[in-house]
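See the structures that follow.
Consider the two complexes below, in which chain A is the common component and chain B and chain C are the respective partners.
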Partner chain A sequence: MTEGKTVLVVGGGMSGLTTAVEVAEAGYKVIIAEKTPYLGGRVAQLNKYFPKLCPPNCGLEINFKRIKNNADVSFYTLAEVEKISGQEGDFDVTLKINPRYVNDKCVGCNACAEACPVEMPNEFNFGLNKTKAAYIPHNQAFPFKYAIDGKHCKGASCAKCVEACKYDAIDLNMKPETININVGAIALATGWDLYDVTKLDNLGGGKIKNVITNMQMERLASPNGSTAGKILRPSDDKEAKNIAFVQCAGSRDENHLPYCSFICCMASLKQATYLREQYPDSKAQIFYIDIRTPGRYEQFYWKVKDDPNVTLTKGKVAKITEDPSSGDVIVEAEDILAGKKIKARFDMVVLAAGMVPSTKGSKISADISYTEDGFVKPSSLKKGIYAVGTLKSPVDVAKSVQDATGVAIKSIQSARR
Partner chain B sequence: MEKKYGVYICKGCGIGEALNIDELTKDAARAAKIEPDAVRVHPVLCSPEGLELIKNDVKAGINTLTIGACSPRVKYEEFDFPGAITERVNLRELIAWSQEPKTEDTDMIATDYMRMGIIKTQKGELPEPNILQDLSKTILVVGGGISGLTAAIEAANVGYQVVLVEKEAELGGWAAELYKQTPMEYPYEKLEDPLVFSKVKEAESNPNIKIFKSSVVEKTDGQPGLFDVTIRKNGSSETIKVGAIIMAAGWKPYDASKLGHFGYGKPNVITSIQMEDMAKKGKIIRPSDGKEAKKVAFIQCAGSRDPNHLPYCSSFCCATSLKQAKYVREKNSDAIAMIFYKDIRTPGQTELFYKNMQNDPGVLLTKADVTGVSDAGNGNLFVEAENTLLGEKIRIEADLVVLAIGVVPATRAPQEYLDRLTEVSKKGDDAKKAYIESTPKPDFILNLQYRQGPEIPSLEDAYGFADSNFICFQYETRRTGIYAAGCVRQPMNVTDAQLDAAGTALKAIQAVEHIAKGIAVHPRAWDASFPDPLLIKCTACKRCTEECPFGAIDEDEKGIPFFKINRCRRCGTCMGACPERIVSFKDYSVDMIGSMIKSVEVPDEGFRIIVLACENDAYPALDSAGINKKRLNPSVRIIPVRCLGSTNLVWVADAFSRGIDGLILLGCKFGENYQCHFVKGSELADYRFSKVQETLSKLQLESDRCQLIQIAISDYDKLPEIIEGFVKKIEEVGPNPFKGF
Partner chain C sequence: MAEQLIKPDLNFINDVISSGGESLKKCFQCATCSVVCNVTPDDKPFPRKEMMQAQWGLKDKLFANPDIWLCHQCSDCTAYCPRGAKPGEVLGAIRKMSLQEFSVPGFMAKMVNQPKFLLVLLAVPALLYILIIVSQGFFGDVSIPTEDGKIVYGKFLFSLYYVDTVFTATALFAVFSLFLGITKYWKAMSATVPNANKGTFGKAVVDTILEILGHNRSRKCEVTKGRATAHMLVFYSFIGLFITTVLAFAKVIPEYFEHFGTHLGIDQSLLNGLTVIYKIIGNISAAALVLGILLMITNRFKNKGKAGLGGYYDWLFILLVAGVGVSGLLAQFLRMANTVIAYPTYVVHLCLVFFLFAYAPFSKMAHMAYRATAMVFAKQSGRE
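Presenting the complex of A and B:
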């Protein structure tokens, strides 16, 4: 009953990984094509999940183990889809595999990174610190294999990494490869990007040093992040103990993102717990329009709200400015229920920035219609092609997993045709 | 299989620089009972040349390999030798990268680990799957609402036979009661006709789906692949065999009679369910006099988000009231709708529908804490509220009030009944009997003939929603091969219920396919091993049957356990629970780990600490500590275990009788936000450990010598310190007095 063609999953984040392992464990072959050098996507960048406050690497580890133990799953990293043609049950796909400049002999010893003289912004940490051009995205990365960033590497003229590698694992002449595969079904799981907060002029996004995004906050709080888990503000590495969270930074705003990004309320509540746990004398204030904690997340909201050092204020933030002498951030907002204006000083501000589907910026090479906001219109998809999770609407990890498992069965149905 | 041993040592990645490889080789050869020359040492074992070496040996008949190299978490493709017993000894992360190089202590760790690895291969066998006979791949779906219908259709469309059982006379469930559905696609403007009817047709015409209407599940016996399900219809019963079960029993509206404070009971106060019915029939009228309603007030969170009623959000009521406001406006353009909410919750793109509705001047919305609903004369009502956007205290007149009623899972009533039964049973048989006689029994759903109870257990504080890991592994329940779909898992709308149900159909397919191959389902979805108890030595103590987190073990009248292996998830909790130590897996046993512990060389001077580490989280965390070049205390020896639940108390005796000074169980958090992949493993280990500490005290061994530490995979940065702290404590307590005996 398990005869059918291979399923291609585009994207190796939580949605893609789940789709892939679920397909494989039902007895079908699957290939993952992931754009970055590692699997795990956005969730690998999170410190903890709401509402259980457990580390994402825990579930990822199990999923990686499922991949390691299942011969039916294979994956390409640094891979992009160039072309999709054909129909349900018979798609021809062209994948471009970008060079990693590191081959399978890599043992993960870090000698190349030590030798590399080039520093570049650490993308995994959203630019909060620097990394070498020979790097591993993070210390629990899968596959545990280094990569060299082609854009920043100085190439053969430097080659210090080549010299340093005892295992003959570096090949600076590696070229992009093209691979053609035939598959029965395609699951698109290319995920999401954070809204560009520099567009939020009034909130100081990208301009005020101590105004950061929610994803940067995750990296600040993560043990494998830029500060080894200490919540320090970027301007002066001072412990940030008094933090304002600004909800709907971009979301629910006709001038930016008209939709709700779903995760930001839970994310800010969660991040308030990072702060409260780290510094007993800390304070968090969350400015919101509505607190949206659907279903059983309500319990999590209650728990955080019960902390007297967490204040929830219904009202939109009008303006954020910097006090240049101290680096502090001044927030001006409305307290709707009290019917008054607030002006308050914080060590740092976290913008609960919204979610933008990856297809807003880079469209998939197939005939697909999108909403004005870049989401895939599911009914426009050709038979045999499915979109997962955040490509269709903003969702959290739980819903992505749910959707991914559902897409797995749909993909199997198509692969059997 | 006659074992032929091979031992391999890699010198790469700093291992060669950290260790005295000659001594390590000699010791390993002794342990493996092979010639020292036969031990293969290679500068880079994972290189093509290194691997060739091993492959050639395997070709020449070596079938039991111990490979001292990097962590088994990396280079898994390279060091994969099908058909051979292969044990990787982590000399890199746990020694070369985390210990001081070239010291006596460091060399002792390496010899201990190599010896343990070799013993593990000596004690283990390759697992062979146990495939039971006459397996069924049919999938049973309980519940014919939108979730059940979707699950049935999806599974049938992959080619599986499906049996769908619905207790009502018609399929469709609540989704068939709707007048219209909230917009589900961009631009989220138009209400849609209920889609459930097309699903009903599809299910009814699908030749792979057999439908039982007006039917209930009287009894579910057996195990995945071999469930015997008795279906009762019109007083007669029929038993069918199925392989996996999807439980999609749906939900009930919250009991509105408990909402007197919102005016329920007054003629013109209705629920959102009644509103659908009214809209379906035509006009929006007041029940009291049949006049068309002109000012309709919607009260959100009627039951939901209220600690005295439903302490969760019912997810779809905000969108439902917006939709019903549209009914009011479309059916009578003179009428207005007023929505009183705590927060408007239209997450994701549903926000666009909310925005569209906000643009209608006849729809008024305000945040409000509704404090009461009172009579305003002529059947009209006052909605009284505080903390609103219109003022601190307001009173607004309406001619019809609609309560946005909350969701109660169908699993809640049986769960509450069973919880109370358990509670009462603690007081004795008489109390139990009295409870059963005096309490009306709610509708059970599956009626499982399991020793651990008739339904899928709920999580504590989950208010009857079926158990689930909740984030990463949405569909896991504690009853293997049985999956919950739709509102029995959490409140969800029609769209989400379909996604959810499709997911459960896949999980059910995986279950029947894995069982056909004799391998486990999630999380050890590759594992062909299974618990094989030596029952002649069983004392019928019932610990395994009580502790199994998945209810995999039933027992006969004498209390002898009966392992239903298709229910088993291979966590080894039964192996840990058994005081007679009679439960073993081919590749994992009490004797194996015990022998590994006993193989640790205990020096006269200095301390030895054993760490039994959960292989899912604690071990990767230790590995990461090594990757980050964090120093681990050199007196510690780490042994990975499948789950802390598999920890047998005899290992404590094994350790202390040999002079080991301390023992740490390193595993996952338990309790409300448990992180154990086997749900209860670490919690059970903790319970057993609490008993050990009493025993230790009796032996005049300090109970401080044993500790269970809960950690997460991300705690690798703290781990070395945590272990250091424990070692310090042991140093204060002093050496094990049994040392040297």
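Presenting the complex of A and C:
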């Protein structure tokens, strides 16, 4: 029944996957081009979704299954868009497929990683630990295939992984490939990056060991994270039982991100529950300008607020220092409601950093202009090219999914022209 | 807490906005400013609460508050403000407005802080000296007397009458006016702190003086690092120039009596020694003054992105001090060069000095009295 052309979805996170399955299940062909070696994007890095606090795989697994069972969806990992030309209904797109150095014979046995002598920062865990240059991004990765990092691998001169692999799955001579495809519509779903907290000089971002980002907190609390889900602080692996959450770390700040990132309040409230569940005697203090939990999320806020071990303090943290002897972190804020400047000591601090649309960091070869806040202006995109979810504004998973279904129908309309 | 009816003064809000606090309304009360401020007390810290009070038009609360002067406008708050609300500049505007509230006579503060009155204010000393010069007949056929062909300012404007009398009167006026102003400020502050933990006044004064001498507060500024040094140069040069003036006065007193035919019997060599001492102090101070004010100007331009450049109120004062320093040094060098333009330069110098002191209670110069008063009050009331 398929008339009309294929739809290209750039980005295999929640927005991209949803767009792709919606388009495919309506009977159109879809190609997903994902930059990393796995699908699932930022959602795969979460410990739990808010507000239901279920693990991210419950959403991702369903989508992966829908992809696997649908012959109309194909996907490339390690793929980047090099060139887009043409117009709505007839785009020529050049994709560059970077080498994985691992072929489909891989069974995920981990022998290559054991043999690999090279360590590199674990990007999936935001550098909280290290991984080998022959690695699987995480234990639920889809596709469940190892990859070898071209930048860190020593290449044929080492080749210990090749020896170790019993399945002949490693080919260190793989080269980048270029693929040309013709599509009718393009959905840009490249998602977001976390704001670079090293720019927050007064908050010790990137300088103080026990000051971490909210995304690192997800990885710390996640069973497949760097500490197998134990909330341990980075400097000494001590149980972090007294944690400060610093809201608006770079957000609503014209020196950094002028906008509210929408998700960080809910994320910190959610992360406070990770801590409270793990250690019964733990304490969380959330420093905020305004707690923003719109709509039904308000109920989640009430629930967390009712916990006597969770303190909500109105007043933005503007100074964070380290106590070098203990590794503790000293947080300074004005408790506005009490009218007092406070200095408090914590085991660890979580910076609730905001979202930056990913096209700011890695450019896409499409004409894009941005709003004052730095998000993609949908009207600036060529007809037949659509931006999805967090490229257009900071939104949560639910809103991204809603937006993706909308983009799916727009893409189908363009593909039929 | 007792119910309190807030009476916002809408005109006051507009006045703050038009006096250099145009960013006031951008503040969303996040309290970044109070945290990055290194000079605020921890209890009821500024400047967040002042930003709120200003937005609400609570004029009396702001003016009767030692905190507006405890602020040294380091601009750390302005640099880190996430909204560009520039608390440092807003508090600067409020300080300027509080001078209009407290100084006596109040209309003078309005004149001094408005560019349109600049010429009028300058005309006062200018006309005064022109009058003196005319009365001496120097514009007529009387030639300027010299001493062995050398330029001697004392022969031009007989120092005993025309310089010393004018300046003694000016200084007395300024001190008296400042005293009235800070008394009003003190009373206003006292009224708002009824149950203050009263310490001894004397100790508060001594502690304040020590703190000012060491510039302990402005040294804590981070964004505008270096301003303490510049301010110290200017501050100590003023002290040096004050000592110079006192010594010079001490030297001319015998001459006064001599003029009226009374010999005090003071050894001339003692007076000559005094001259050497105050000339050394005076020259060092003048050099420090010019250097310090140049540093201030450079700092302002260097930090203008993060701290703002300042307005008329700031620049009138800065340029005046610079003008006094430069014209003073010039007057001395031209005199030594024995050229006739030394005389007009000297007159310009005198006019600028007059301007600086006569209008001190109303210009930024008054900051020294008001800030010191606020510091004493804060210390005595246990504010810090």
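Convention: the second predicted complex is superposed on the first by the 412 of 417 C-alpha atoms of A that agree within 3 Å, B and C clash if a C-alpha of one lies under 4 Å from a C-alpha of the other, contacts with A are read in each partner's own complex, and residues count from 1 in each chain.
Just so we're on the same page, contacts are C-beta pairs under 8 Å (C-beta built on N, C-alpha and C of every residue); 3 or more make two chains touch, one makes a residue touch a chain.
Keep in mind that what you see is a predicted model, and the values were worked out from it rather than measured.
**Student:** Between chain B and chain C, whom does A:253 touch in the aligned arrangement: first, second, both, or neither?
**Tutor:** A:253 contacts chain C only, not chain B.
**Student:** For A:54, select first, second, both or neither according to whether it touches chain B, chain C, the two together, or no partner.
**Tutor:** first
**Student:** For A:27, decide between first (touching chain B), second (touching chain C), both and neither.
**Tutor:** In the superposed model, A:27 contacts chain B only, not chain C.
**Student:** Please indicate which partner A:202 is in contact with in the superposed arrangement: first for chain B, second for chain C, both, or neither.
**Tutor:** Touch status of A:202: second partner only.
**Student:** Is A:317 touching the first partner chain B, the second partner chain C, both, or neither of them?
**Tutor:** Only chain C is touched by A:317; chain B is not.
**Student:** Of the partners chain B and chain C, which touch A:278 in the superposed model: first, second, both, neither?
**Tutor:** neither
**Student:** Using the superposition on chain A described above, determine whether A:332 touches chain B (first), chain C (second), both, or neither.
**Tutor:** In the superposition, A:332 touches chain C alone.
**Student:** With the two structures laid over each other on chain A, which partner does A:398 touch: chain B (first), chain C (second), both, or neither?
**Tutor:** The first partner, chain B, only.
**Student:** Can you list the residues of chain A that meet both chain B and chain C?
**Tutor:** 252, 336
**Student:** Across the complex, what residues on chain A touch chain C?
**Tutor:** Spelled out, the residues of chain A in touch with chain C are 202, 248, 252-256, 289, 315-319, 332-334, 336, 339-342.
**Student:** Can you list the residues on chain B that touch chain A in the complex?
**Tutor:** Listed in rising order, the residues are 12-14, 44, 46-47, 70, 73-76, 137, 154-155, 157-160, 185-187, 304-305, 307, 311-315, 343-352, 355, 367, 387, 389, 461-462, 465, 470-475, 490-492, 496, 498-507, 509-510, 513-514, 521-523, 525-526, 616-617, 620, 624, 627-628, 669, 673, 675, 677, 712-718.
**Student:** For the complex, give me every residue of chain A touching chain B.
**Tutor:** Per the stated touch rule, the residues are 1-2, 14, 22, 25-27, 47-49, 51-63, 65-66, 68-70, 105, 107-109, 139-140, 144, 166-167, 222-224, 228-229, 252, 258-262, 290-299, 302, 314, 336-337, 371, 375, 377-379, 393-395, 397-399, 401-410, 412-413, 416.
**Student:** What residues of chain C sit close enough to touch chain A in their complex?
**Tutor:** Against chain A, the touching part of chain C is residues 28-36, 40-45, 48-49, 80, 82-84.
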